[in-house]
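Working notes, structure below.
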Amino acid sequence: MEMARTMTETKAVGASSTEAPKFKIKMSGRGVNVHYGAKHALKTVDIDIRENQVTAFIGPSGCGKSTFLRCLNRMNDTIDACKVSGDLKLDKQDIYDKSIDVVQLRARVGMVFQKANPFPKSIYENIVYGPKIHGLATGKQELDEIVEKSLRGAGLWNEVKDRLLDSGTGLSGGQQQRLCIARAIAVSPEVILMDEPCSALDPIATAHVEELIDELKSKYTIVIVTHNMQQAARVSQRTAFFHLGVLVEEDDTANIFTNPRDERTQGYITGRYG
Amino acid sequence: MDISVVFLAVLVLSVLGMQVGRSRAMAVAGGQARALHSRAGYYGAFVALATALPAFMVLFLWTAVEPTVIQALVRARLPAEIQALQADQLSLVLTTIENLAYRNIAPSQSQPYLTSAATLMREMHATANWLMVGVCMLVALGGFFLSRGRITVAFRARNTVEAVVKALMIVCSSIAILTTVGIVMSMLVESLHFFAEVSPLDFFFGLVWDPRFAGAARADQTGQFGLIPLMWGTLFISFVAMLVAVPIGLLSAVYMSEYAGPKFRKAAKPLLEVLAGIPTVVYGFFALITIGPALRDIGAVFGLDISSTSVLCAGLTMGIMIIPFVSSLSDDIINAVPQSLRDASYGLGATQSETIRQVVLPAALPGIVGACLLAVSRALGETMIVVMAAGIAAKLTANPFDSVTTMTVKIVAQLTGDLEFNSPQTLVAFALGLTLFVITLGLNVMALAIVRKYREKYD
Amino acid sequence: MTDATADNSPAGPLNSSEYARRLKKRHDAEWRFRAYGLGAIFIGLAFLVTLLWTIVSEGAPAFLQSEIRLNVTFDKAEIDPTGTGNIEDIMKADYAVMVRQALREQLANVGNDRAARAAAHRLLSSGADLQAREIVLKDRTAIGQKREIWLIADGDVDSFLKGSISRDTPEDRRRISNQQIAWIEKLQAEGRLKSRFNTTIFTRGASANPEMAGVGVAALGSFMMLVITVLLALPIGVAAAIYLEEFAPKNRFTDLIEVNINNLAAVPSIVFGILGLAVFINFFGLPRSAPVVGGLVLTLMSLPTIIIATRAALKAVPPSIRDAALGLGASKMQAIFHHVLPLAMPGILTGTILALAHALGETAPLLMIGMVAFVVDYPGGPLDPATALPVQIYMWSNLPERGFIARTSAAIMILLGFLLVMNALAIWLRTKFERRW
């Protein structure tokens, strides 16, 4: 019964994605391997991520989906033992190339984390942090504009416009997560990576964020890691299934959920493990 | 009979009680250890405790009270005209008598009443000693036999022993409170004596420190006891110390926790902490023979006249001592900032230093402020470095190349050498000590509260 | 969102040359910041190295001492005129005459001029007669005999041999005359003046002459205080910690104790000295300068540290151990004393040793209780006048003679040596018994 409802929803989303047959490849990975010390965390991953679509990474915990997500803006650089090899491209440019500045890369490929992590500063300061360090705005006026635009973009403006100078940590969980999304889009990235953004939220807050993701895809390319298959079905156009460090299959979301090619995918989406 | 002999005798009896209690318990149980409520050893411990504890208590109280009682008795037998003397002169007389009686130090002017009083005191002391031995042994034996008599099969020896042990532990815990009470009371009492002679207004707001010598003190020449110059010197030197320790300590902590690889950290961190393990008297000597002359030479190059006991010298040395204190506290605090905040900042494309300066340090600020307050309190109370490397003249100067003096220097100066507990020259040290204690206590309470609140925030 | 900030094309603000310039500046700032951090650590380490280097370079020469080997005749008529070995006669005898006589015989060319004789006598330490007396006190058969013994040379001779008095200084500004230099060279040529390993510094007490001063007496005073401290502070501290950690109910009284202990750990040490002066000496009438008072003061000072360390060690023992013991029917007290405490012991001992190391280096409170006395003889018990190693260092550092700078540094080296041993012991304990639960 539960499954059936998901299926119909999936079809609806899938149908909308097929109405836009033309797409561009925003990011791509070829033969990506990741080692954490002696552990081989990701094995030869090949994937294309389409522009202005939502791509969902699903799979059981420890399958490598978050690891791969963190390769896409080189967040793994902060972990000493982590070694990434293979080919990862953003707009046909190798992001692990020496000429690429990781600071600039992360401005182009933003990230939203599992647990909302607003800085212990005011809401306003949270939003302008990125634009300020990248020098994207000059003067108070421009910063004010960015704050309003980003908060509107994250659907948070009406809730917080009267208390922009209050601490960001005083907001509710869902608001905090949308604040983090607003903070990410304030830098106007091209790609937004989301690492299980709703796992710590209640259903209503989750619904808010999911709506937001759907709106954001018109301007940004979005990659989302999720534990929740219904969520993947609801928000994404493409879905990639990871299992034990291997990218098992990647396809239109509708296909993955209705007609998986691999039996491991089949097993996972029917709830046999995970 | 010496106190230590009584102590040992009670101890021996107590050990004996251990054996007796155990065998008595086995006897009442008819050799069946299982019949007893507790294991046989607990009955032994019960007898041992019942023997030793009351006797030790009597011993302790006796030693504490005896001198006061004897003094009062002797005083009551002194000639009437002596008894009519003022309190401080009377106490001087009594001290003389005690010296004569116990330490055989003859007074400068021998008086017949002194000798007779001393003889009386010595006799009383001897009698009291025998009495003490008798009472102690009686109490010990009483405890021994009473407790032995209480041993039955059903007697809950373990519960009793554990209750006593627990009570002892509570007493041990209260020593911390007693120490604080002792500190406050002892300094308060002497400070009140001081304030009886010198007005608190003159002390707390006086601008001149010139106590004169204790011996030369006459009614018209008590000297001036202004706290302000000492307080200024203390704050000035501590300020210079913080100017050295906070940037170096904080930057070291940042590097250790954010940049350094595990190998570098493992080598450098303990090395830096060696600075904290070096006794302060060594720092004082270092200031005296290395830093002072070095600063003077450097000053000479620039045509500056730097005193060898300059504020700079004492402050710099103290700063070096405090570096590891600031750095290890800050290190802990920076490590407590959650990684998720750093990730958020990196995810937005901030560089590591931007993340540290704009996210990590502001988040850690309350904790770091707490750590710095603790460091300030440490600097204010530091004694040996300033005694050896700072000046002795109480000056109100803002020139860091000049020398100033501090409260701790003056406490040491007033309390070493000959003490007269009735002259303001000695008593002022207690008022200074009390002031220092109150200030550092305030800083510590504040700092510990801030640090604790900070820890709770990120736990 | 139609303006530039929302523009995703490659020509966006992130690709402008202005952004590239800014990026370079940001990376430069990054390197600068990193360099500041590294610089701070190296400044700290440079201070450490300078400090240790100063101490070692100043102190190392003091471990060698110039001594002169002389044939001293122990004159029976002077030392033991009655022939009964009367100890008072032996103590009173004038040994200086004997050693000076031996020196003049050795130099052979002193003559009878008073000034020349005085100059010759100044080659020997004024403590040389004490050394001669000690030989007699140790071995009565020496009386009436001629013995070849090493006697300590004067501090100036020592300084000259170590190069801190230069031959090039004009004679009138030099503490050693040309004649004395000639004698020194003669003695050296005969192999009778040598730098030998300095045992004085380890065995003797305070002295006005640097060459006769040692830290032995002070070290014994420190040792006595540490023994008293460990005997009192360890049981009391452990008992208090066990109560607070395992038994204490959460109420205002135990809260008060907790706040109190944390604050006591940060109270300036000099305040403890004032407490000791007011309570132990003034109120209880214990003698000044006595190790027992020092031990009590250091006990009160170390207690908070030991309590905090013990509580941490108890906390580190997992509750499952307690549960296991309680589950077998042990009382709470038994569970703690039989199971938890032994497991926490390495941690407790480590904390205690570190607290003791700290107490060993503490000076200020000891000044308050009068341990600044000039103590020549070993204290016989905890109530005798004594001094402590760091206090001895403080007192020597006030003395102007060149020889005392070296002695002070050497004493610091000895103190740091003790601290090093204690810390090494603590680290060894920690690594050997460290347990990860």
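The first chain written gets the first letter, and so on, giving A, B and C; residue counts start at 1 in each chain.
Heads up, the rule we're going with is that a residue touches a chain if its C-beta (ideal position, glycine included) is under 8 Å from a C-beta of that chain, and two chains touch if they have at least 3 such contacts.
The model shown is predicted, which means the values in this text are computed figures rather than measured ones.
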item	value
Given chain B and chain C, the chains that contact each of them	A
Longest centre-to-centre distance from chain B, chain (CA-based)	A
Highest-count interface - the chain pair sharing the most C-beta contacts	B-C
Between chain C and chain B, distance of the C-alpha-averaged centres to the nearest whole Å	20
Length of the line joining the C-alpha centres of chain A and chain B, rounded to whole Å	59
Mean-CA-position distance for chain C and chain A (Å)	62
Per-residue overlap in chain C, given as positions that touch at least 2 other chains	26-27
Chain B: positions in contact with at least two other chains	351, 354
Junction residues of chain A - those touching two or more other chains	103-104, 107, 133-134
Chain C-facing residues of chain B, complex	64, 67, 158, 162, 165-166, 168-170, 172-177, 179-180, 182-183, 186-187, 189-190, 247-252, 254-256, 258-259, 268, 271-272, 274-275, 277-286, 288-290, 320, 323-324, 327, 351-354, 356-357, 374, 377-378, 380-384, 387-388, 408, 411-412, 415-416, 421, 429-430, 433, 436-437, 440-441, 444-445, 448
For the chain C and chain B complex, residues of the former touching the latter	26-27, 29-30, 32-34, 36-41, 43-45, 47-48, 50-51, 54-55, 58, 235-237, 239-240, 242-244, 247-248, 254, 256-257, 259-264, 266-272, 274-275, 277-279, 282-285, 300, 303-304, 307, 331, 333, 357-358, 360-364, 367-368, 370, 372, 390-391, 393-394, 397, 405, 408-409, 412, 415-416, 419, 423
Sites on chain A touched by chain B in the complex	73, 75, 78, 80, 103-107, 110-113, 115, 117-121, 129-130, 133-134, 180, 183-184, 187
Chain A partner contacts - residues on chain C that touch it in the complex	1, 5-8, 10, 12-14, 18-19, 22-23, 26-27
Footprint of chain C on chain A - complex, ascending	91, 101, 103-104, 107-108, 131, 133-137, 146, 149, 153, 188, 190, 219-220
